């Protein structure tokens, strides 16, 4: 009880420190991320993979309108998890930075540079009053000097670089799966398989092509490619993950 | 009790996260939407249909002044549910964006573009302090490159694309009806019938022409058309939904 | 008790949503309207009628200084109920808009346009922090293209169009009277009779010429006309509503 | 108890509505007015009279420094009751408006115009946050087109026109006296008598020349005239109101 | 208890009215004045006298650094009581106004004009949020057209004119002494005697030249003169008020 | 209990008055000063002495980085006690004022002028909202027209002039020592002895050269001189205050 | 209990003083620093050493993305501990100051100057409202005029100079180790050994090259050098600190 009361005292109003040095509003924003469906990123030697859960609330909703994978630049893709409207703000910010870099320096922005500009932007919302933190985590994937790169931005504004990661619901279980099965030597197809296996691992072992979103950025092509329904179906079949029907859509709060 | 007290702590003042990652002010704004009478959108292959409940508080009130369907552009119509004064602000914003697009690019705005500019505008009111969220949901319907399009904006600032949807009171029951009876191959008249049937399903199976508002945007004409009393009467008669009198108007809080 | 406590939590500070989607400050502003004496508007085929209760607190107070009917333009009159000082702000705003329209477009403002500019102005005070809502309702009456028009603005910033309406104290009883006796085919004199009958219905059936204010805007003349004491006396006599003396003035809080 | 607690909830912070539509800060500002000593205004056919209670806290205080009657323009005088420092702000505002009118239009400001500019200024302090209302009521007296005029401004920003009125402490008793003895046909001397009688009625029936302030604005001269000690003595003697000594000064909180 | 709780509710945050029309922050600022050592002003026919208690906290503190009498202009002196740092702000403001008047009009500022500019400045801090009131009272003394003048400014921003007054600790006792012994016909030396007698009356009947500050402004010379130690000693001796030593300095909170 | 609760009510948020006229935030800032190690100033006929306690938290910390004596100008030195980061802001402010004075008037700033500009700056932080008071006291020492001068600035923004003073921890005991041993006729060496004796009196009678900071400004040279380790050792030895080792460093919170 | 309640009263909202003169938000920010993994700085005669704990949360996270050592200029390196996103803001600020100095004066910034500009920046966030303090401590290391320099900035904005220090978790134990083993005569390799020994002392006596970050700035080269994996391995081996595997990574909250 005492502990609970004490906590309540530090999580209202502007983002301030609790006696043990925590920023509760930032931690609650992390909870908002967990309320979103999962997104996964996997880095391989010849490219990066983004895979997202696109479960919808009603069969009448257009799956394509559930935007969880975004093209930020020719060579950069972003997957998100959490508060959708917040994600759109960060994606817009990322795209503007991409264009400004292009205009100013005549060359595409580096993946790491973009990631850090986004996290600096996020941090401002955790220190200065008058606004709440962003309730969203991004996976920023791209190619830099021929090297596949995979970053995460969290609601505190901290950038992390990963070989493979998951954000959103079931984050813990998926990460465990990724840690157990990650192969440093895998190629892009291997990365796609790992991402789908990991996503299926928290979905009774099967997925539907419509129920997921998927994109790759090849190290050689340096080009963002969103997979078609056919491509997704083919991969799911070849990995023996294809569900018989999509009746498993649930009413998720995203 | 404990749970209730805890909730109270996170829903006052500016919009901030609760410990479980929710934005209560946004959720309460959704309740404001549910307090409004229902609005329905149905997409068909050759056009989009908007149908709204126009119940009034007194027979002396002019039904036409209950504006729930608005023309945003020649090819875009918007229906609303929720806090009426808030809806007017968003409609005005949408119209300004429409005109600016026309002036800047010399062509009509795309339905999706307009939807996203509206939702970005809504999102600002959920993150930055000094104002409350908008207590209204919009159904934005239009034609893009000959294709009928149907979007929803909710108080969080998230855009959704739908085949058919309902917002406002009885949203759950109407959506269930739409899911059960939606026909991918229906034409515009079929869409009108579905919309009216769905609306009647929560009104004892009958409607009056004055008690409803209705508009269509044909895929071919790309023109917003608000139905006349005669047209509405004709449809209601042909679908056997015409009520004998309009004595069912209730004192609703809109 | 619980309910009451919960309500208290949502009605302080800036205007925010309660858990059931209500804006308490706006609802309390509506209570401020009810604390004002009644104002009535009646639309007929050849003009609009405004009638107001001008009860005063002391026989030494000048009745003419109780301004409840205002000329906004040659063809538009406004009656108010509620917080008098707030009403004056909105009337001033309306007059400025009227003049700006005249200057900009060289023609008088449309009644509906004026009403919506006023309601948009009111809405701002219900969404953006740092100020309270306006505690006043207006009846805006005028002629547009030869057509009599009658609008209401409420503290939420919603515009309504009416055939006949009442705002302020006894609003419910007067509206009921209006609904029972409204005649679509009445002429202006019929409208005056209805307005006076309705007002008398909550004043023991009789009125004094000094105790009321009255104005008409004829469809043909398109001219705001405030009735003289003699005209009011004549009407009251002809409708058998003339009170013997004005001893019924009470100490009302306006 | 419950009622008291509920009230407490709505009277702090910025000026907002209570559930029953009241603005407590404005009502408390009215209490501040009642804490000030009384001021009286009487309108007659040939001029207006202002009379004020000038009780002081110590015989060492200069009575003339208790400014309760102010000349706003040649033809306008203002008496105040309530928070003295606030009164000074409003008097200064009134004088600036008077000068601006003179400069802009080359003619003296109308009494009613001045009153409304003052009340509009007062209203702003009751709606917009960041300041408290003015704790003062003014009696604005003057001549307009040869007609004596008498107005009141209250802390809500409402203007009232009176034949005779009192503000400040004992307001109720003095008003009753005024209502009982007001004579529509009185001349300026009659007005002076009524004002002094009314003031004496709450002072054991007698007054001292130093204990009161008095001014007149004649309809013909249109000139503000502050009465000298001799003039006041003469009037008090002639009306049999002259006190034997001024030992009744009390320690009033003004 | 109830009363105490109720009071607490109205004295925090910005300066607002309590239900009985009081401004608690202003009243508490008056308490801050009472915490300061006493300052006295006495007006005579041929000049004004300022006398202040300069008790210090330690024999090592320089008495001259306890500034309680300030020269505002050649013909105006100001004594203060209360929060010392606040007093310095007001003195600075007064000096700036004095210089501006000199520059603008080429003549010294009138004492009353200066007093009112200071009180208007003080009033702003009691009405507009974001700052607390000034915790200081000033005695402004000077010569205007050959006439000695003596004013007080209190924390509410009200100006008072006095024949003789005291502010600060023991204000009540000293005022009583002044009222009992004030002589309208006294000359400047008589005023000095009264001021010293009054100050001694609350100091066991004796004073030290270092323990007091003293200044005069003669009606003829119109020149502010701060008394030297010798002059003070001479006066104290002649009035039989000279203390044997200054061992009575106490640790006062100024 | 009651008293404690009452106190709590007045010491949060912006700096406001308590019912007994106190500014709690300012008083708490004074407590912050007491948490700092002691600083001492002594004025003699031929110069001023500043001596400070430089205890450090760890033998690995560089003593020279504990800046408690600062040169503000050639002829002015400042010692501080309290919140170190706040002290740095005030020292920076003082140095800027010093330079501005030099630029504007072509001559060094007077010690008293500088002191008052600093205290005016401090006062602003105690009256205007949006910031807390400075938690630091300064001793400003210098030569003006050949005269040694010694001032104190406290967190309220009050300037004091002293012959000798102490600020920071053990302030009371050191002051008592200074009062008992101050000699008006001492020369600079005498002042140094008094300062060191006083500091040693609260440190078991002995000091280390590294554990203290020391500076003098000679009346003739008008030059700020910070004493070297050798000079300090020599003085400590000659006054028999030299500690055998510096093992007494404690973990002080500065 | 009482103590705890009292504390709670002073640590919310903007940074204000508690009754005992403490700034709780600053102290809680210090707790945030302790939540970060440890960083160590050691100064030797021929250079400065920075060593940091780079433990990661998952083997899939890229260690290099855990940036705890930053190059601020050719001759200045910065290590951080605490809230990572906050650290990035301060590093960015430091780099901008470095560049501005270069541009303005054509020479590299002095280490002490940079440190003080950073601490002044930090202090602002502890005094002015509308933002929280920075939850991070920096170790700023560099060469000034050939002299190795080592500074700390803490969340209060206080600069400290050290011979050797630790910030972050286990700060106390590491500092104790440093105090016991610091050698004034050590060369750079000796400094590296001390830093690694100290870090190992709180890690069961062994470290992995990937688990730590390390940089040196040589006094002669004046060049920031980040050690490679090979260099780190070599040092760890030579000091007998090399762990067999990196299985000890824990899930730390950084």
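Letters A, B, C, D, E, F and G mark the chains in the order given here, with residues in each chain numbered from 1 onward.
By our rule, a contact is a pair of C-beta atoms (placed from the backbone, for glycine too) under 8 Å apart; a residue touches a chain by one contact, two chains touch by 3 or more.
Model, not experiment: these values are computed from the prediction.
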When each step joins two chains that touch, the fewest steps from chain B to chain G total 2
Rounded to the nearest Å, the gap between Cα centres of chain A and chain D is 69
Chain E to chain F, mean C-alpha position gap in Å, rounds to 31
Between the Cα centroids of chain E and chain G the separation in whole angstrom comes to 55
Among all residues of chain E, those touching at least two other chains are 13, 129-130
Contact graph of the chains (line, ring, star, complete, other): ring
Beginning at chain B with chain C second, the chains that make up the ring follow as B, C, D, E, F, G, A
In the complex, the residues of chain C that touch chain B are 6, 9-10, 13-23, 116, 119-120, 122-123, 126-130, 151, 156-165, 175, 178-179, 182
Chain D partner, complex, touching residues on chain C are 8, 11-13, 24-25, 28-35, 58-62, 64-66, 83-86, 88-89, 92, 125, 129-135, 254
